[in-house]
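Two complexes are shown next, each including subunit A; its partner changes from subunit B in the first to subunit C in the second.
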Partner chain A sequence: MRITDGMVSRNLLTNINSSRETMNVYSQQQATGKRLNKVSDDPVDYTKVESFRSIIIKNDQYLDGIGLAKGYIDISLTSLEQMNEGIMSAKDIALKASDVSQTQKDYDVYKDQIEDIIEDTISLTNSTFMGNSIFAGTKTDTENAFIYNSTSVTYTGNDKKISRKIADNYYVDVNVTGRELINTNLFSRLIDFKEALANGDISTISDSIDRLDEVSESVTKLNSSLGSVKMQIINTENRINTANLNLKSYLSNLEDADMAEAITNYKSEETAYQAALHATSNAINLNILNFLR
Partner chain B sequence: MSISAILDNSTRGIQANKNAIELTSENIANINTPGYSRRLATFRDMNSHMAKFGTISGSQISEDLSRTTNDFINEQFLTQNPNLSKYEMDTSLFTQIEDIFGEPGDSGIGAHLSEFWTAWGDLASDPESEPARMVVVDKAIALEKAFNRVSKELTNMKKNIATNLAGNVEDVNAKLHVLAEINKEISANNSDSLMDERDKLVSDLSNYFEVQTYEGDHGEITVAAAGQILVSGDDVNELEVYTETVGSDYNLFVRIKGNSKDINIKTGELGSMMSVANDHIPNYRVQLDNVASNLANEVNSIHQSGYDLDDHTGILFFKDNINSAGNFAVNSLIAKNPYLVASSSQPGESANSNIARQINELQNGNTLNGISISDYYTGIATDIGSKVKKSTDLLNSQEKIVATIQNQKDSESGVSLDEELVNLSKYQQAFQASAKLVSTVQDLVDTILTLM
Partner chain C sequence: MTTETRTGSSTTYKFEYGLPGFENLSEFEFRNLDEFPPFKLLQSTDMPDISMIVLDGSLLNVFENVSFPKHEMNILGLENREYLRIFVILRIEEETKHFVANTKAPIILNTYTGFGKQIILDSPGLSEDYKLDNL
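Right after this comes the complex of A and B.
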C-alpha cells in the first residue's frame, strides 16, 4: 500500500485522540469517584442502581418512621408505668385503711391522697408526644381527652388504633386508646375507693385491695403488649439497618469507581498517550528532505 | 538525423521535465487540500508512432497529466460516509436528550420523584405535623418544575433541530447550485481541478444524506437522493423543509421545492435529525406525559378522598385534567395553603395517616402499564442512555470503516511528500541532462563552424 503523509497524520491523530478520550473517562472517574456519571455509561447497571437506591431511600424512611413510633411508644410506656405506680400507692392506702383501728378522720386524709392520685392519673392520661395527645385514639388533636369532675371521668377521644408502617407490608399499632384505659376500670375503682373512704364504707374499702390489684394487672398487660410492639419495632429496625448496609455496599460496587483500577488504567493510558505523541513527533519530522542535499 | 533534431529533442526534454516539475510543485502545494487528487506525469515517446527504420532518436514530452482516482473506493466512501455522519449526529442529539433528562443527578425528575414519595412517607409517620405538609408541597412544586423544565427543553430541542435542518438544507441547495455550475463548465472544459471540486462537493453532500451520482460523457454528473434527481446538467431541483402538523406536535420532512412527496432520507445528518425529531423526541415525550398524568391522577384520586387537619375533603392535590409533563402542576389552593394537604382517611382523626401512606405506597403500585411510576420513568432514562451508548458504539466502528476507506482513497490519490521529492530530483536531473545536451550541441556546432 502506498502510504501518504495525509494517511500518516490521520492515523496518528486518531490514536492520540482515542488515548485522550480514554484518559478523559478515567480522569472523570477519579474526579467524581463514580463509575456511573451518565446513564449511557452503563444503562444496565443504571437500572440496578436505581432500584437499589429506591429501596435504600424507602428503608431510610422506615427508619425515620420507626424513630417516631418508638418515641410515641416510649411516652405511652412511661405514662402507663407511672399510672401503675399510682395504683400501687392507692393499694397501699387501701391496706392501711382496711385496718380496724382507723377512724373517719384517717379516712378523710386517705381520701385526699386518693384524690391526688386520681388527678395525677388524669394528667398522665392527657400526656402528649410532640403536642399530640397519646391516649386519645386517632383524635390526637384533642386537648385533655380525659375530663374528671370528682364523680366521674369523661373520655372525648375515639377508640381507633394509630397504625404505622415500619416495613413493607408490616404495620404496627403504636397507641393505647382511652377506651382500653377505661376498660381496666382504673378510674372507676379509684373513684369507688375514694367514695367508700368518704362514706366510711369498710367492706368496699377492703374489697378495693383486690380490685386495685386487678386494675394494676390490666394496666401491666397493656404495658407489656405495647412493650412487645416496641420489641418488634426494634427488631425490624436492626433488620433494616443491616439490609441497608448490604444494599449500600452493592450500590457502591455498581456505582462507584474502583479508584485503584481507575488510577492504574489512567496511568497505563497515559503511557500509551506519551508513546503516541513520541511516535507522532518522530513520524512528522521524518522526511526525505533530511537526506537530500 | 540533423544536429538541429538533437536540439529539438533536448528542448522537448527541457520542456517536459519543466512541466513535470511544475506538476510536482502543484502536488506539493496541495498536499493538505481536501479533495485534491495528486496529478501524475506520464511521459511517452513522441516519435515512436512515426519512427522509421534506421532512426535512432526519440524524444519525450509529458502530455497526460492524469488525475489519480479510484471509482470503486469513491463509491464505497459515498455509501459509508452518510452512515458516519448519521451516527455522529445521533450521538450528539441523544446526548443532548440525555443531558436534558440529567439522570442520575440531583436535578433530574427521578431524584425529585423519589423526594416526593419520601415527603409523603414522612407525613405518614407524623400525620399531625404542619412542617411535614409544607415539605410535601415543596417537593411537589420542585417535581412540577422538573417536569415542566424537561418538557420545555424537549420542545426547544425540537425547534433547534428544525432550525438546523433548514440551515443544512440551505447549505445543500448552495452546493447543488455549484455542482450545476461545474457541470456547465466541465462539458466545455474538462479540467482536473473542476473534477476535484466536483468530487469534493459530492463527498460533502454525502454528509447530509446518501447521494447517487451518474457521470456523463464529458464529466458532468447527475446527482440523486433516494431516487429523486437533484442536479441534472445545469438544472437544479432545490430542496425545502416542510412541517406537517400532527395533533399538537409537528413532523419535519424534506422535499423538492414544489413537490408534494417528501424525499425518504434515512441516513446522513438530515436522516438523523428527522428520525430524532419525528420519532424519538415525540416517543420520549409521550412516555414522560404518561408519567406526569398517571402520577397526577393517582395522587388526586387518593387525596380527594382524604381529610386534612381541619376536616376539609374533596380537594385535588394536583391540578385537574393533567395530561402532559408540560401542564403538570400542583393545585394552586394547596400550593398557597399546605394545611389543605390531606393525610387522614376519616374526619376528625388527626393521627390517621392512611391517605398519606396510600400516596407513599403509590411508588410501589403498578399503576402505569403494569409497572410502578418510578420504574416506568427509570425505563425512559435507561432507553435514552442505551441509545447514546449504541450510537456511540456504532460511531466508533463506523469511524474505523470510513478511516479505512479514506486511507485507501489517500493511498490512491493522496500526495506523498517523499514521492514528490524523489520525483523532483528525477525531473531535475533529466532537466539538467537535457540542458547539458543543448550545450553539447552548441559544442558540436562550434566544432563544425571551426572546420569552415
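Right after this comes the complex of A and C.
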C-alpha cells in the first residue's frame, strides 16, 4: 500500500491531538478543582498552611544556628586533637629522656622541643572561630585569653558554657571552657617537665611519662564529650531538615498549578507534543515544495 | 498494598513517632491514585487534609545495596527484609517544577505488624532531591 502524504499528515495530527488531549485532561482537572492529589474536595485551610509555612521558616533559622554551632565545635575538636598530639609527642620525649644514657646535653635539646610544644599548645588554646575565642568561656571577644610567660600560664576568660538553642525546648553547650582545659593539667605538667629537663631532675623527668598520659586521657575525655554534643546536633539537624522537606511535600500537594505542571513534566507529554509538531511542520513543508515543483 | 495482620487487611499503618514535621499524627493510610499510577497518596487518618504523594521505593533501584540501621529495624521488629516495604515522599522542586523524591529519608514499613517509621540514612548515592525519570 502506498503511503501518501495525506496518511502521514493524518497520523501526525492524530499524535498531536492525543498529546494535546492528555494535557487538556490535566488542565481541565485543574480548572474544575478536582485534584489528582487529594481525595476530599474540602477547601484548603489556609490558616493551617500559613502556620506550616512559619514552621518551615523557624526550622530554617534553627538550621542556620546549627551550622554555626557545628563550625564552632569542629574548630574546638580539631584544636583538642592537636593539643593531644602535642602531649603524646611530649610523652615520647619523656620516654627518651628517662633513658639512663641521656645527659644534660640531651636534656637541653629536649627542653627546647618541649618549649615549642608549649607554645604550640598556647596557640591552639587561643584558637578562634569567626573572630571569637573558642576556649574563653563566654568572653569570646577576649583575644589571647591564655598567656604564657615561660614559668606559668594565665587565663583571662571565664568558666561559662555557651548554650545554643537548636530546636524547640532543646539547648546544647557548644564550648569547652579555659577552666576545663587548665584542669587537665595540660600546662602545669608540660612546664614542670620543661623545668625538670633544664635542671636535670631525673625523678620528675621519669614521672612525666605517666603524668602526660593522664593529661592525654583528660583531654581525650573533653574531646569525646564535645563529640557527643556534635552527634546530638547532627541528629537534630537531620530531623529538622527532614521535617522541612515533609512540610514542603505537603505544601506541594496543595498547589494545583504546580501539581499540574509537575505531572505534565513527568509524563513528558510536552516533549512528545513538540516532537510531533516538529515532524508535522517538516511534512507540511515537503507538501508545499512538491506542489511548487 | 495491604498488611497482613491478624485483624485482616488494611492499608493503614501506625507511626509511633509520627513523621518529622508531623509528630502528632500517629496513623496514616496509603491510598491509590487511580488516575496517577504508580504514585500513591499518604494521608493522615486523624487529619485527612494532611497528605503527601509517595512512591514505592522498589521502583527506584536505589535501596538494593543500602543497609538499614539495625536499631531502626529493631524498632519496627524487622529481623530481615521479608516484611520490609519502602516508600519515598515526593515533592515538587521550586525552580524546575519536577517531582523529586527524598531517598535519604525513606519511610520503612513492617507489612506484618502494620507499623511504620520515617528514617534518615547516610549512605552515599541517596539524596533529598532524587529526580524521577519516567518509571
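Going forward, the second predicted complex is superposed on the first by the 209 of 293 C-alpha atoms of A that agree within 3 Å, B and C clash if a C-alpha of one lies under 4 Å from a C-alpha of the other, contacts with A are read in each partner's own complex, and residues count from 1 in each chain.
In the analysis below, contacts are C-beta pairs under 8 Å (C-beta built on N, C-alpha and C of every residue); 3 or more make two chains touch, one makes a residue touch a chain.
Because the structure is predicted, anything quoted here is derived from the model rather than measured.
Once the two complexes are overlaid on the shared chain, A:183 sits clear of subunit B and of subunit C alike.
In the superposition on chain A, A:150 contacts neither subunit B nor subunit C.
Contacts of A:64 after superposition: subunit B is touched, whereas subunit C is not reached. Contacts of A:130 after superposition: subunit B is touched, whereas subunit C is not reached.
Legend: residue contacts after superposition of the two complexes on their common chain; A:242 is shown touching subunit C, with no touch to subunit B.
Comparing subunit B with subunit C, the partner in contact with more residues of subunit A is B. Shared-chain residue A:48: touches subunit C; no touch with subunit B. Shared-chain residue A:253: touches subunit C; no touch with subunit B. Of the two partner chains placed by the overlay, neither subunit B nor subunit C lies in contact with A:232.
Residue overlap on subunit A between the subunit B contacts of one complex and the subunit C contacts of the other covers 36, 38-40. Partner subunit C is touched in their complex by these residues of subunit A: 36-40, 42, 44-45, 48, 55, 238-250, 252-253, 255, 258-259, 261-263, 265-268. Residues of subunit A touching subunit B in their complex: 1-7, 10-11, 14, 36, 38-41, 43, 46-47, 49-51, 53-54, 57-58, 61, 64-65, 68-69, 130-132, 137-141, 158, 160, 162-165, 168, 175, 287-289, 292. Every residue of subunit C that touches subunit A in the complex is listed here, in rising order: 19-22, 31, 33, 35-36, 41, 43, 48-53, 89-92, 96-99, 102, 105, 118, 120, 128, 132, 134.
Touching subunit A in their complex are the following residues of subunit B: 31-32, 94-95, 98, 101, 103-104, 110, 114, 117-118, 121-122, 124-126, 128-129, 309, 344, 346, 348-354, 357, 363-364, 374-375, 378, 381-382, 384-389, 392, 399, 403, 406-407, 410-412, 414-419, 421-422, 425.
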